[in-house]
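Order of writing sets the chain letters: A, B, C, D and E. Residues in each chain are counted from 1.
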Amino acid sequence: MAAQTKTPLLQVDSISKQFGGLMALSDVSFDVMPGRIMGLIGPNGAGKTTLFNCIAGVYTPTKGRLLFDAPDGQRLTNGFKPEKMTALGIARTFQNIRLFSELTVLDNVRIGRHCRTSAGVIGAIFRNKSQREEEQRIVDDAMRWLSFVGLESKAFYQSSALSYGDQRRLEIARALATGPRLILLDEPAAGMNPQETASLVKLIHAIMGQGITVVLIEHDMKLVMGICEHLVVLDHGMKIAEGGPREIRENPQVIEAYLGRGAAHA
Amino acid sequence: ASVKIAVAAPFTGAAAPYGDNVKAGVQIKVDEINAAGGINGNKLEVVWMDEQCDPKEAATVAPKIAQDKSILAVVGHVCSSAHLAALPNYVRAGVAAISPTATNVAISEKNQDRAGKVWSFRNVYRDDFQGVFMARYAKNMLGLNSVAVFYENNDYGIGLKDAFSAEAKKIGLNVVGEEAYVKGAQDFAPQLTKFRAANPEGIFISGYYGEGALIASQAKQLGMDVVKLGGEGLDNVDYIKLARDAAEKTYVAVPFIEDVASPEAKQFIEKFKATYKRDADYMSVNAYDATGIVAEAIAKGGADREKVREAMAGFNASNPYMGIGGKTVFDEKGDCEKPAFVKMVIDGKFAAAPKQMN
Amino acid sequence: MTISKTIKRALFLAVLTIPFLPFASDYVLHVLTLIMVYMVLAMGLNIVTGFIGMLDLGFVGFYGIGAYTCGLLTMTYGLSLWMLLPLAALNGMVWGVLRAAPTLRLSGDYFAIVTFGFSQLVVLFLTNEIWLTRGPLGLPGIEPAILDLSWLSKMLNPEWDWYWEFIGETPYFYMGLAMVVGIFLMIRRIEDSRVGRAWFAIREDPLAAASAGIDVQIYKVIAFGVSASIGALAGSFLARWTMFLSPDMFQFWESFLVLCMVVLGGLGNMTGSLIGSAVLIALGEILREVLPRLGMPAETRFIVYGMIMVLIMRFKPSGFMPRIADAALQNPIIIELRRTLKAKGIV
Amino acid sequence: MLKVDGIRTFYGNIEALKGVSIEVERGEIVTLIGANGAGKSTTLMSICGVTPPRTGSVVFEGTDVTRMPTDRIVALGITQVPEGRLIFPGLTVRENLLMGAYLRKDKAGIAQDLDHVDSLFPILKERRTQHGGTLSGGEQQMLAIGRALMARPKLLLLDEPSLGLAPIVVENIFEVIKKINAEGVTVMLVEQNAQMALSIAHRAYVLETGKVTLSGDAKQLMNDPKVKSAYLGLD
Amino acid sequence: MLEQQLINGLTLGVIYALIAVGYSMVYGVIELINFAHGEIYMFGAFFCATFITVLGVPFFPAIAMAMLCCGCLGVLLDIIAYRPLRKAPRLAALITAIGMSIFLQNLAMIIWGSRPRPFPQEALPTFFRETAFSFSGVHLSWLQVFIFALTIVLMISLNLVITKTKTGTAMRALAQNQKAAALMGINVNRVISFTFLIGSSLGAVAGILVSVFYNTMYPTMGYNAGVKAFSAAVLGGIGSVPGAMIGGIVLGVAEALGAGYISSLYRDGIAYAVLIAVILFKPTGFLGKSVRQKA
């Protein structure tokens, strides 16, 4: 496999996270290879979202190391704040949708461009040429991402007026607008019907096509097994399995803890 | 026909009781004048202007008063800071104001226009006068050797206490401590506890009766059975009502006392009692007189602001205004000197102190 | 779009001519100028409370700092107002940033109470540090604003003397107007920029904002700084306009009044702030005029005032101008985008 | 048991329901399927009186509940597991469950039902004293369902109960639904997972942009070509 | 002197606490800083005094009547002012509260006049003024003892109501999500009204006790009291009843010690400085909990 010659984009190295007396993650390690779609699955409360939060800088891991292959070389990113992680190139969406709900769809995505642009207060007041050009670029980029996720026509809607599925797309567009190298999607298909899920799959493939690595939490096994090349399974904060979809589907421990008998042959 | 004057005072907000006192005094005077046929046959009309003792509001009502050319003069403001904020408007527009209560010294320096004409008068003595007076009274008449000073942290309280403390130092009256409080405070125990440790013979209360009463009663609760001294700010029956038996042994400097009052004054006191069901205080008395001064000036000067001002400035030593609060004589700064008397609380009532200084 | 722009221009021109209209007495101009002072304050507060959504109950502290900076420097050093305006604004900004340091972590009403405490401390300082501020005695007799261009006129023509002392309300009316228009345009521009969008993002969801790459802390500090400097600017204008300052003018009640203006106008909407200030100040004055005519005593003014406030909120719970981030919609880039999208039949 | 007759519901000026009529018989499982934004959640909320319909009527067991306040409708025996879970983040898991039994007075019954919920969702028992807000997404969903069961409703409205749940739990949830239905609770189920929903339901309605476009026996609908392509992901 | 200052602070603190509880309760349920609470407190004192002087009711029944009247006033306030704004932005209700506070304060001024009045002392039990305890020169009157005891009893029972009863849990549930609460069958409006009823009648008790203690009452008395009580509530962690108690006492003691040992000029300043310091150190007050939404 080509991937083995590459350095991992993200190394999760024996990460633990404790909340009071609860070990939400204990000693989880795996690598995320660039250019691939990786799935993170596991029962409810296994610690998947917590792991995302650690990677994205929302939580500082209690123990362990996170190594990100930033443009300027390998970086130990433990304890970095979310905005720093975004700037380095990790974008994410939220399990419970978190949009800027009173703002328009376009503004949501424009805000995504924040970390790739630079105008400040003075520039804003005087609106010199370079600042105006930057604004133009922001709008163009935002519109590009909106049409990428298929929301171009709703650019001027207030984002809270979107339907659930569209809100999920908008979150993805906002994340993409930050110019990430790695995108973390937390249950993007939740609440979508099969038709909508199918178009989401297309979207995820398109994201890959842009050279962006995807890590995905999802309970929809059809989707996960369909698009992920590599899976990590968590249970009770521990990694219980890792491997390709086929392997995972047949892993008895995974079936026992997560898939159940019915879904194993979905 | 009618002539108009404005009364600018706090009718709402925390200082509303003072506005209420002033309003009562003015109203009685105006009713009297109109009952007697008005000023040269013109009815006297009052425009009430609420300014909450707030400098900003005062600076807003002042131009409103100034622009209404039918208003010939202003009685007000009550608070010095409000008066100072309003003053530039009166000076600029040329309308005379007379404050019954504003005692801050700064007013005397800011009330002249470029020609040196004074546009603001007051028929209340300045803080520096009664502070000195009470310090001397405490030392010479009451024979106190040590006092603590409790002052309201506003222009009135500070001005009065500064004068008191300075004079006390001069005449060898020991000031054992100075503590401050703010308007509307209800709890004075911490400061009083501190005083108690110094064991003073008296407390000089540089503030108004509402808080003064609480200070007196809380001092008593703390076991401090001391003499209370104060300026005219304490002069209100509510002081006794609120402080109850703790009000005993309180000495207050006032511009007038019933015992030496003229028949007119006695008549006013009766009328006030009948109308408002309470005893008159110095604010009402001064407001009554201030209205009288304005009315007489209008009678003399006619419906002309400039002439009214001149007539007011004309109340000098040779031509004093005789009010119920005694003689009012303006100096070249619009201030007046008045005799001061001392009242004390005996058996739940204000009465002239047996020992007077002048 | 273009129609509303025309209306706005016409409105602006109409305002310009007010001092020459027959009804424009000193009182009317004074009230209008007062409204403009509050407009500036409301816009300043709206940055923190409307744009980043933090309830600031101590805004008046900066107003006081600006006023006293200007008042004291005028009285002791006789500095010119034109120098003092930026100086006071700068001083306000310094305090805004200083105040940000401890409060950044706080949320909701805990932030509110700390800001409230801050403004109380400012008032206490102004009241008690008599050596510096004269305390409750206030600062009477601050010089009015002076525009001294004599150095320029002397160069042009020795006969000319371009020296004006601003007496009366008219010059202050125009100064106030310039200030309101200037700050309005400035904030609208910031609002419709990367910075403004970052602020709105923080208001809507701080965590999502951080995940979108916004350094929440820094943008909060910027907002505090800008907001505080605007408050201080209003204060320094006030000092030279009323020519009198006292600590009581900056009691926390003022913060609430300004907050009411902001909320009544619409949180996060600058036009709303203008409307809110105009409504609340005018209301007080109208009641002063109207109530006596209805035979009601002066004491009833605030009963009615309170009632009307309640009623406005009842029927306009999101304020007069509920829309946030509306400056963006008037940006030529966005207008252009809309047009092309429409032309392509996408929207 | 429940008769929804031509209700029209508005959000401001947006008409979310354009005359929806639905009937549910006692003891049935009725499912409501439809695309995002079709108005499924709004229908449930209108039945509960959270977003009262502007016109039309909702009759429950012969009582017209159209304009009744929510709490009285709930008192009649309708309980909802709302979309987005709406658990109480600051209450503990146990308190959340007890809130479900707010209107009940029988202490013994409540205790019994608590045990029942604990056995259905053992993780909730483990997290008993944790604040609802710190639960994982799936745990919150379980809590919301458990809370609704605590009310011992006559009619249970479920809005996407499988959302965000692990496959094994989803299976479990559908088992639970069947079980409580068998115990006599009538169920109205909104699901994106139409296949599962149709497989346990007796009857189904298809909602499209605020209107019912199809209805009938669940098994029959499962074979309807339109339903197949649009909602089951089968071509 | 220290003992005396501590007693001074404690007395003051208990009074703050008493007012703060009403604040905290209402806040805990609808997250509204009910500015009009200070006015309810003031009305309590005036109602009680009016019942005594005008109707000749004895002291304790007059307290009960005033509590009832203020409770109803609170409920009325909720129904006419706040209820229409349940779904409106949070600050709308705050502004309405400010408007109501202005309205009520000025209404009281019209009804009872603006001048400070004494509380009708004749009606009070005579032992109130007598010394209950004294040690090392510090005297405690029976009135003080009564206030302490009453406050503690009220706190404990209220806390039990909120944490242990179903209605109490409903109150907290409501605070977090009104829609969900309604879906549980909770009559949202009734529970909120109940909260206002309790909170306001406690406000009345506070107003009465304070005006008895200081023997003075005036229409603007709610203003300062409200500010201090609000601070106390925040200091203790808004929404927490025992928190309000602790917050009030800390604030009172800080004030007394500050005024006694540091500077009476900065008396309030010291209280605010303590408040700020505590909040910076513990951003949700002493007993406040921060419920962090999960990412």
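In this text, contacts are C-beta pairs under 8 Å (C-beta built on N, C-alpha and C of every residue); 3 or more make two chains touch, one makes a residue touch a chain.
Only a predicted model underlies this, so the values are computations on that prediction, with no experimental measurement involved.
Enquirer: Quick check on the contact graph: shortest path length from subunit A to subunit B, in steps?
Expert: 2
Enquirer: Let me spell it out: compute each chain's centre from its C-alpha atoms, then which one is farthest from subunit E's centre?
Expert: Relative to subunit E, the chain with the farthest C-alpha centre is A.
Enquirer: Give the chain pair, either B-C or A-C, that is connected by more C-beta contacts.
Expert: Here the pair linked by more C-beta pairs in contact is A-C.
Enquirer: Relative to subunit D, which chain's C-alpha centre is the most remote?
Expert: When every chain centre is compared against subunit D, the largest gap points to B.
Enquirer: Can you check how far apart subunit B and subunit E are, centre to centre, with Cα atoms defining each centre and the answer in Å?
Expert: 36
Enquirer: Counting in whole Å, what is the centre-to-centre distance of subunit C and subunit E, each centre being its mean C-alpha position?
Expert: Chain centres of subunit C and subunit E, defined by C-alpha means, are spaced 34 Å apart.
Enquirer: When the C-alpha atoms of subunit B and subunit D are each averaged to a single point, how far apart are the two points in Å?
Expert: 74
Enquirer: Going by the contact rule already set, what residues in subunit D reach two or more other chains?
Expert: Answer for subunit D, listing residues that touch two or more other chains: 134-136.
Enquirer: Mark out which residues of subunit B touch at least two other chains, giving numbers and ranges.
Expert: 12-13, 16, 153, 180
Enquirer: Would you pick out the residues of subunit C that each touch at least 2 other chains?
Expert: 127-128, 207, 299, 301-302
Enquirer: Give the list of subunit B residues in touch with subunit E in this complex.
Expert: 12-14, 16-17, 19-20, 153, 179-182, 184-187, 189-191, 193-194, 196-197, 210, 213-214, 217, 221-223, 238, 241-244
Enquirer: In their complex, what parts of subunit E are in touch with subunit B?
Expert: Touching subunit B: residues 1, 4-5, 8-9, 11-12, 106, 109, 113-118, 121, 137, 139, 141, 210, 214-216, 218-221, 223-224, 255-260, 264-265, 267-268 of subunit E.
Enquirer: Show which residues of subunit D lie in contact with subunit A when the two form their complex.
Expert: Subunit D reaches subunit A through residues 33, 35-37, 84, 123, 127, 130, 134-139, 141-142, 160, 163-172, 192, 194, 229-234.
Enquirer: Taking the touch rule as given, give the residues of subunit A at its contact with subunit D in the complex, in rising order.
Expert: Checking each residue of subunit A against subunit D gives 19, 22, 42-46, 49, 95-96, 163-166, 187, 190-198, 219, 221, 257-263, 266.
Enquirer: Any idea which subunit E residues touch subunit C in the complex?
Expert: Subunit E residues touching subunit C: 27, 33, 81, 84-85, 87-89, 91-96, 98-107, 109-110, 227, 230-231, 234, 238, 263, 265-266, 268-269, 272-273, 275-276, 279-280, 283-285, 288, 290, 295.
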